[in-house]
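Two complexes follow with subunit A in common, the first pairing it with subunit B and the second with subunit C.
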Partner chain A sequence: MSSSKPPKGHFTILYFASAGSFTGKQSEHLAAPLPLRKLFETLEGKYEGMKAHVLDHSLVTINLNYVDMPEPGQEQEEGEKEPVVIKEGDEVAIIPPVSSG
Partner chain B sequence: MAQYTDRALTEEEMERYSRQMIVPGMGKDAQLRLINSKVLIIGAGGLGCPAAQYIAGAGVGTIGIVDGDVVEISNLHRQVGHSTTRVGMMKVDSLITHLKGLNPLPSYIPHLTHLTPHNAADIISQYDLVLDCTDNPATRYLISDVCVLLEKPLVSAASVQASGQLTVLNCPPVPQGITSILGVTHPLPPCYRCCFPKPPPPSAMTTCGEAGIVGTVVGMMGIAQAGEAIKILAKGHHRADILNDPPHEPTFPPSLLIYSYDLEKGPSSATFRSVRMAGRRKTCFACGDNSPQNLTLEGIQKGTPNYDQFCSLPSAKVTLPMEDRISASTYKDILAGTQSEPEQKILQGILIDTREKEHFSFGAIPGAINVPFGKLLTAAAIAKREKQNGQEGREISKETYERLSSVLPREILDQEEDKKDKESEPPIFVVCRRGHDSQEAVEKLREMGLDRGGKRKIVDIIGGMKAWKEEIDPSFPFI
Partner chain C sequence: MSTEPEPPSPQAPAIDFLQDEESNCYVALTHDHLDVNSIMNRVKSPQAGAIVLFAGTTRDNFAGKEVKNLQYSSYNPLALRSMLSITQTISQKHSLKGIAMIHRLGVVPVGEESILIAVSSPHRKAAWLAGEEALEECKARVEIWKLEEFGGPEGGVWRANRDGGLGEKVG
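== the complex of A and B ==
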């Protein structure tokens, strides 16, 4: 899976395995910045049903590093570390588990 | 754990393993560690065959293989440890036959069974390292859980269609429930549940039989899996005591290797990506802080957790009432105009086939229009969004129509002028491969307003093209 450089104000998102079949594409560019906690909501708005079918059991990386998805509804508490924001030029990947062999 | 025994290599071993032993980093000690190791390969299929060949070739001394299936001809494009002459034989026996030809020195131990919660601990406990070469989520969680409890390193690979994944888990093994070790600053090794705490819903589960698989992709993953296992054993990375050795930097940042191959793209477009994973999760069900309360060997044997249930959590699957479904034979009668009750005659209408275009390319019911299920879902999402943007009412607006027509064939969207004010319009029939997607498709088409407020029937064909083959046309090329 290769990805072209995102245009200004965008990040690249890669869809692996069933994420690719669900969206019908392997990658695309989305508007940045985007708080990580808004990522699933944004994708669900674009691809109805994606949360239950793909996102809820997938792992997410930003620039090849695993990131913990914030729990839904969990507001940032004082003293907690800064919430993760996806920045312009970042590469995000949606990686569902593959089970067959 | 295999004891390191110092001895001279035999003349045969010297000759057989010479080319790998002189590679930098190997040498005599590493080869002896391989010879004294016991590896368990679970699954003798697309991953297990290539993995076993290299594990055997490299001289691992004891190789156990677990599988309860027999060789089928549809396995052979990827399961290269079997052969056409061994179709019908137990896969384990077939693969061991092949491996003995490759290298007669190792001891091969057949386990002619599927791995189950009942036998898993008994089998896994006999080995130093496990290769997960299985094909379903329930077994993957079972293997990982037992490896945590028995403190065995696990090399896990998987592949479907044109994607592959590989990760090393639980290596070096750390006792269950320990999530930090004094003086160890790097993350402790994760288990499968740390990486994927929730299983995919059954609807997202694509098996090789259902979704297809490229032989070279799964083969590549199996070989890479053997490579990791050989490295771990040859270098002793699986020794748990490595964590106590100063200077406390023995572990490797956990990572997941992803191989992507794409038949739709030009040559040289396949990619490998390695992503950095998190370590052991404090909240992990199997290895986290409170895990000993959740998971024990006795519990697993008695059926807790229930792996089948865990991996078949309620899905969003639609089940249509029977009046919205017809059998393959009824559809045939509709096509031929030979319905038994002419007063309830159903018009011919349109037939949508929601299988992937590759399946469709082998044959379809005459007149069927191919709209792959994914495309149909995309169309449904477009329609829904338009509705939320203020396009109320059952009728489709002009703008929505334009957007939908880029995804759906016009025959489905268009309304014949002379039928416009009639009480009923020709129905839409939906057929898929086995009768699951078609039910959801019926729902989605209705949500899109294509039932024209109830004037147009939308029904699915029970059992899909599989039923068509079984009931109507035995010669139909169903795959």
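== the complex of A and C ==
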């Protein structure tokens, strides 16, 4: 999948498999910075029903590394590591359950 | 038989690949037909008494439903990275002489190969085990997706290996 470089103040998000079918897109650019914990609600706001149909059983990568999705509504606790923020120029991907072979 | 890889023909689509020459691991993705000889040649070694080759081919049905068309898509850079990591781990675990894994992308007609894995080792037992482990690991975690179209009104279905059930319907 190819995607153009995001414009200033944006990151690229790639939609694979069912994520691509649901959004009707292979990729797009979204405004950065965006806290990772806001990603799913941002997508749900754009594509109603995406959370239940796609995101709840997908994984997320940022720049080819898997990231843990924080629990929704969970406030950061004392001593917890810095929350992940998606930055300008990052490449984020929605990874639904895989099916090679 | 030569151990040199065949030179690509001019019209052949590019192969996207990664390799670790030190441990003789090679992984690749291509839209072209898969070639059994070239993947076997990548793992041949005078120290290897066994080569195990696995060829996964596309089936014409899922749970009795006729599959009309089948295609694979991939997150290439991440899929290659995962494939290389799998092959490196398995190569070390089983002291292999070589391991090569190639997956086809795009439309794969029913009955053709979608994946080839070749493994070489001094003795056959390690090669059998490593070949099976490589396939299972690939199916569990490499970032490649299969879309099956049944030709009926329901459209296509994204398969999910982890539960063996029907995936998300398209559209």
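Everything below uses one rule, namely that the second predicted complex is superposed on the first by the 97 of 101 C-alpha atoms of A that agree within 3 Å, B and C clash if a C-alpha of one lies under 4 Å from a C-alpha of the other, contacts with A are read in each partner's own complex, and residues count from 1 in each chain.
In this text, a contact is a pair of C-beta atoms (placed from the backbone, for glycine too) under 8 Å apart; a residue touches a chain by one contact, two chains touch by 3 or more.
These figures come from a predicted structure and were not determined experimentally.
Asks: Compare subunit B and subunit C by how many residues of subunit A each one touches, and report the one with more.
Replies: Between subunit B and subunit C, the winner on subunit A residue contacts is B.
Asks: Is A:Thr61 touching the first partner subunit B, the second partner subunit C, both, or neither of them?
Replies: both
Asks: Quick check on the superposed pair: does A:Glu71 touch subunit B, subunit C, both, or neither? Answer first, second, both or neither.
Replies: neither
Asks: Let me test your reading of the model: by the given contact rule, A:Ala52 touches which partner, first (subunit B), second (subunit C), both or neither?
Replies: Touch status of A:Ala52: first partner only.
Asks: Touching A:Glu82, do we find subunit B (first), subunit C (second), both, or neither?
Replies: A:Glu82: touches no partner chain.
Asks: Would you mind listing the overlap between the subunit B footprint and the subunit C footprint on subunit A?
Replies: 1, 16-18, 21-22, 53-54, 61, 64, 93, 95-101
Asks: Which of the residues in subunit B end up touching subunit A in this complex?
Replies: So the residues of subunit B in touch with subunit A come to 43, 45-48, 133-137, 140, 157-161, 163-165, 195-196, 198-201, 203-208, 211, 213, 218, 221-222, 256, 258, 260, 262, 269, 271, 273-278, 316, 374-375, 377-378, 380-381, 384-385.
Asks: Can you list the residues on subunit A that touch subunit B in the complex?
Replies: Checking each residue of subunit A against subunit B gives 1-2, 16-18, 20-22, 24, 26, 45-49, 52-54, 56-57, 59, 61, 64-66, 68, 93, 95-101.
Asks: Could you pull out which subunit A residues touch subunit C in their complex?
Replies: Per the touch definition, subunit A meets subunit C at residues 1, 14, 16-18, 21-22, 53-54, 61, 64, 93, 95-101.
Asks: Would you tell me which residues of subunit C are touching subunit A in their complex?
Replies: Subunit C residues touching subunit A: 56, 72-73, 75-79, 81, 103, 114-115, 135, 138-147, 156, 158-163, 167-168, 170-171.
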